[in-house]
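Okay, got some structures for you below.
Presented sequentially are two complexes of subunit A, the first with subunit B as partner and the second with subunit C.
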Partner chain A sequence: MDQNQTKVLNGYHVVFLVHLVMSGNILLTLPNLLSPLGFSQWWFPLLFGVIANLLLIPMIWIALKYKQHNLFAIHELLLGKWLGRSLNGFLILYAVLTLASVVEGYLDLIQIIALPDRTIIGPLIVFMLLLVYIVNGDIKSIARFCIISFFLVVWILFFLKWAIGEGDIKHILPLFNFTRQEFFTATKNGFIAMSGFEIILFYFPYIICQKKAFKQASLGIWITVSVYFVTVFASVMYYSEWQLENVMYPVLYLLNAVTLPFLERVDVLAISLWVFLILTTAAAFLWVAKKGLDSIRDKEKKSHLYIIAAIVFGIVSIPFPAEYQKMVYERVYYSNYGFMIWPSFLCIIHLLKTKKEVVK
Partner chain B sequence: MSFSESDKNGFSNETSIQNDNVLLDAIKNKLNEVEDAVFKNIQTADELVTIIYLSSLIEKLTLHRTVIAPLLTNKEDLLKSAEVPEKVNISSILSSITEGNTIVYFQSKNLFSTVNTYSPPTSSIANSDTESTVSGPRDAFTESLQTNLSLVKRRIQNTRLKNRDYIIGTETNTKVSVLYIEKIVNDNNLTKVINKIEAIDYRGFNDITILAQLMEDHQFSPFPQYQVTERPDMVTSSLIDGRVVIMMNNSIGAVICPSSFLGFFMSPEDYYNRWTTATLLRCIRFFGFFLTIMLTPFYISALSHHPEMLPYEVLKSLYESRSRVPFPPVIEVLFMELVIEVLREAGSRMPTKIGQTIGIVGGIVIGTAAVEAGLVSNILIVLVAISALLSFLPPSYKMSNASRFVRYIFILSAGFFGLYGQMIAFAWLIYHLVNLTSLGTPFMSPVIPRKWTDLLDSIVLAPTSFLKHKKGVASAESKKVLPENREE
Partner chain C sequence: MKRFIFFAFLISLLGTVGCTQKKPSSSVEDLSMVSSIAFDYISEDEVRMTVSIPQSTGDSQEITQNYTVNTSLIQDGFTEVSSQAGKMIALSQLRTILFSEEYARKGDVTVIAKHFYRDATVGNNIHLAVVKDKAEDILKGSFPNIPSINTYLHDLLQPKMHTSFSPFTTLHDFINAETNTVSHSSMPYLEKKEDSIKIASVTLFDGGKMLETVSRKQSSFIQALKGLDKLAPLDITLDKGSDKEELHIELIENKVKIRSNKSLDSPQVSIRIKLQGSLVEYKGNKDLSKDEDFAKLQKDISKHVEQEVKDLLEKLRKLEVDPVGFSEYFRMYYKGKWNEKLTEKIIASVEYNVSVDFDLLNTGILK
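== the complex of A and B ==
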């Protein structure tokens, strides 16, 4: 491996890769997912930030032990070829299904809000073509796209001004108005919003200054947390508890509070612009799946990218029964929690293995 | 002037006269059917001299002053000031003749010498047509490489300003000159430029833009990746920034390597204006570029797919204005944009006076008639006109053309998928720009890679005293403009 060629991601790249891969569809539904907590949900993004940051520690630790290897390679090194590759197969499946769920979720939204009289096939084709074009570049190209995307989309937060202006600040109290059951339900539903930072395990070998990766990734996580916090806070101020529970995309409708003399429906503009966030998330997962296939087949091929894109296209375009699809995507979401915790187990395996080697 | 004895260059003493006559015959043979090739025998006081030249490249007065008169009056002066060619053979002599030199053959001495008499008719130094400014220097490059070099060298009076010459074009043998300032230029950039020039295998060059296209990193991109300028002041500021500039004989442009996307929106005039004015103008140019590709597509999106986006009053006036238009908005926009393209193209191809008339006919008659005939809405006429004007804001004509092409991608995207399509096209555009490179340097510099000092001279122009650092795009060896640039 040529060190100079592979180490391409600087600090800015890492920060925005972590942040943009985390931000996706979930932000639009986050206040609804956290609705079991009622108005007390507004400080939960901060709690999620702390948990995510704690989960990041074993990830970076194990990655620093195998600086030149991504998670696929680490699996093979720690678990052996067959077990490692089997696990990598699951990881590819996970990446493909996550990608499919992200794309389908977004295109459904587009169909509902922006293109009600169209099927999703046309938008899906152009989306996938662009996605393949983006991933055809390397991880650095994706990271660069993340940086630009952030600045192109972040200004939408300004529109929250209207919701905050019309909202009621008294909603933020009391802070702990929920039961233990409600806490766990909301955390189970809402923590999915933090998923995406674990992808760092795949692009870690490409980071120039790996020792600073923890700091940079943490910054990325806390930028996401800040965005979530502001959004959930505005939602809590603007909506009633009943609305939080029953409006599926509260953040989108929050934008309808905006009154501009030349624009009536800001949500249409916002959801169209959201494609930047979806593209960054989808690009990262497609890149991971492609790298996975490369590692399993022991060769880097462009065709792997096209194969995975075709599979995702098939999954999204084939009309599976809604209940079945929902069940699959929910399991993917929950497997994401497993994936976040998995590096901790890898750390233990690494320690055991190292100890065994020392004894020998 | 050059001068050599044939016997010192591969001809034996015994056979030199014979060989030189053979050479003379060979030259005559090669220049057969070249009607402007002149072979003239001149009898001087002591010997017969043959001069050979191409009359189309040499002014008679220059020939008389530099060759004929010295031959007849003071031949020794001519011999003393002669230049020595490295080799005397048929190809070097022919190449010298086609460069505009006069070959002087002294028959008794068996000497071939070349005298630089190149003096073709050249256009005088005038204003630039495509990069004109209100304030600042008025001189622009001409088709003569020598004149162009002099325009730069009179501005940078520094021996560290180097120029290396190369001959390119397998059929045209066109001379190009690579300019840079030693100790400021990044050696990697210089090597890349030289390697690219040396690797070029192309038949002929009528203009330097062909060379620029052949040197591009991404030839399928709609965007130009090197700035081509006709202005010596722009070349000067690029050189002192540490960039490499290429000039070509018979071309009025100079290629700046590397270039950045933002650079295409900067005019040399910005530095002659107050920084406040310059900042305002740069903002208009830069955001105007994105507006010109977004304006008419947004009209399509709003009317075809998202009428609910617009407030009732705006929507009402839009629908009223196109109440008699039978076409969908995308066809209406495509029709009007193509009419504008046709007018623009027709106007630029016709003689100036007729071109103006076509502009008036197009603008008033076709526009008004199209609205009255119910072919397009009058609001669209306004939008297309604004869009067309905005497309001319970038000081670079090439970038202006790129915006026109990209706009059609946006129009079709908006026609198919509304605002979503527009954003997909925008994402493509951004990704494409982010990944473009110019001579291996990211095209979006200073955004990617970041160079904070470059932000002082980006969309916002800081007061001149703040502009102490060279731009990041050139990766110059010494970072500050002063005092390193001074002669040591």
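== the complex of A and C ==
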């Protein structure tokens, strides 16, 4: 029904796409990533939200200049065919590696917490099949999946009540208790939690009401920020500084504090539901990679999707040496920052180019 | 055609499930779910570990099975228990960890606590307690009135009104108090009576080692200072030479306000405790139907409690521990990394200004 229509995303779709693509598995480790700041970390999600919102401005601006094109096409238009396409090649690589790191991070966690005596290959196959199924329906199906995921997962926040009840509100003072060095380390590690909203550059052409996109995307960002804020705040109240530094998945232990007469170990329940957050993030990146391959090969084909899914499956299931893997994923994280700033440069290039044309 | 192939594929997929090999993974029947563990002291490197496993009905006559091993590594001990029990040991149902007093004083409780804290299959709500004499005896002892020691221990260590003097330390609480730099941890101290177990007092810890026990009453005040809303029932004896008064107060509600003067050089803490409770029993010469006598009694109680809190704080200072975490009120305003030296300095030099206000709400419905 939507196959022949290009504009398919309404306002709700945009809000939840932005929100859920952002919150992947980073949320689980966020208080730990911010731990160099000690207790002062609790207001950092707010700061990150402001920065992310500022970074959104050039993205929407450049997208509004090229309403019919996604970032791959914009690259070709602005930088020429060769430069644009090689850059797009890097983008595809980036999307594939991000996807692999997200999937692998989650499956590792599943193996540690829920299935310590099984291999991950079974869950991985099921996960990839689901992923391909979701992406098969194109961006609208991903957006719809985001909406349902949100409502299936969001109630877990209620379980933070126990941790907050046991925690100590006095931990929030003093406010600025960190050095410049600690500030930079924590921001470098933690800002990765905000990545994901930049995907809007790829699905922007599909948005029905593009003028309102900035407002809607900002709303999505701030929903994410409030989720992060509540979680980090609860962690700061509940943990000691040593625990923040040493507990790898602080959010799981937060949920471990829950005591209900009919339900034990809410953390295992939560980690199973977490698959929705991972699926949405992974689906968006898979879709981006597929679109990238489409644009490089100049034709839209379903097989591109399967090829990329197979590559990701390969990357995740081949046991690379852990150090090598860590190095690659770290590079991917940092290239993410580059990607978030990149649209500002595109704006400058666009301005220079249009000026030249006017002079001519 | 496409649909046919799809269905054929699905059905063959379902069919092939039968061909999978029997998985070596564990089902519930092959697991021994540990419910309680007790640690006793042997030497500096070795610990005596007793594991208590409730049996599923029909397995054997005994309701619980106990295994004891001497080991230097905890996980090594579990492997040995597994081989004794003939089943895999699983810790996901662990509820209670007991330490003997000797182990708590000579060994390092933090090492064991951290071991279980690291294990993702172990929940963080398991309770820790110190036992007088041997911890092994509690798990192995026969108590005619207690059908299952594991459930009994679990219930005993759950927070309840009449035992709310106890800190009910969970694994998270202990790790949290041991690793933060402002306070010290504590644990309930269990004693074996003839055919039951009771929480006799509360032990204080510093650096993973047990220091001293404090009485139930003093521990109740520690809980009050920590900000607990509802306190355990309180017995007070007002002894002024000639007239001796005994009181029992229940349903005590507590509101505490603690402030520091933010100065590290001459630290001062002001503590205001507001208590409200019902007087349930009274033995003495006062006529409580008279307003002036009643008011005087309230004043006497307030003064008495104030003195007891002051004595408690003095005792804590002598032991150089701070289970309440008064240093937190200085850390809040301190720029830079707070460390244990600063906490020690605060404990040694802080001046407390205590004021207690005790309101008696009613004396029952008889005149």
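FYI, the second predicted complex is superposed on the first by the 356 of 360 C-alpha atoms of A that agree within 3 Å, B and C clash if a C-alpha of one lies under 4 Å from a C-alpha of the other, contacts with A are read in each partner's own complex, and residues count from 1 in each chain.
Basically, a residue touches a chain if its C-beta (ideal position, glycine included) is under 8 Å from a C-beta of that chain, and two chains touch if they have at least 3 such contacts.
Fair warning: this is a prediction, and the values are worked out from it, not measured in the lab.
Visitor: So in the superposed three-chain picture, is A:W242 touching just subunit B, just subunit C, both, or none of them (first/second/both/neither)?
Guide: The second partner, subunit C, only.
Visitor: Could you look at A:I125 and tell me whether it touches subunit B, subunit C, both or neither (first, second, both, neither)?
Guide: After superposition on chain A, A:I125 lies in contact with neither partner.
Visitor: Is A:Y253 touching the first partner subunit B, the second partner subunit C, both, or neither of them?
Guide: So A:Y253 only meets subunit C here.
Visitor: Regarding the shared-chain residue A:L279, is it in contact with subunit B (first), subunit C (second), both, or neither?
Guide: Touch partner of A:L279: subunit B, not subunit C.
Visitor: Once the structures are superposed on A, label A:I112 by its partner contacts, choosing first (subunit B), second (subunit C), both or neither.
Guide: second
Visitor: Who does A:K170 touch here: subunit B (first), subunit C (second), both, or neither?
Guide: Touch status of A:K170: second partner only.
Visitor: What is the contact status of A:L263 with respect to subunit B (first) and subunit C (second): first, second, both, or neither?
Guide: The answer is first: A:L263 touches subunit B but not subunit C.
Visitor: With the touch criterion stated at the top, can you tell me which subunit A residues are shared between the subunit B interface and the subunit C interface?
Guide: Correct list for subunit A: 118, 264-265.
Visitor: Subunit B touches which residues of subunit A in the complex?
Guide: Going by the criterion above, the answer is residues 12, 110, 114-115, 118, 122-123, 126-127, 130, 133-134, 137, 141, 144-145, 147-149, 152, 261-265, 268-269, 272-273, 275-276, 279.
Visitor: So in the complex, which bits of subunit B are touching subunit A?
Guide: Residue positions touching the partner: 305-306, 308-312, 314, 413, 416-424, 427-428, 430-431, 434-435, 447-448, 450.
Visitor: In the complex of these two chains, what residues of subunit A are touching subunit C?
Guide: 38, 112-113, 116-118, 168, 170, 173-174, 176-177, 238-243, 252-253, 256-257, 259, 264-265
Visitor: For subunit C, which residues count as touching subunit A in their complex?
Guide: Interface residues on the subunit C side: 25-26, 92, 120-121, 123-125, 172, 175-177, 179-181, 328-329, 332-337.
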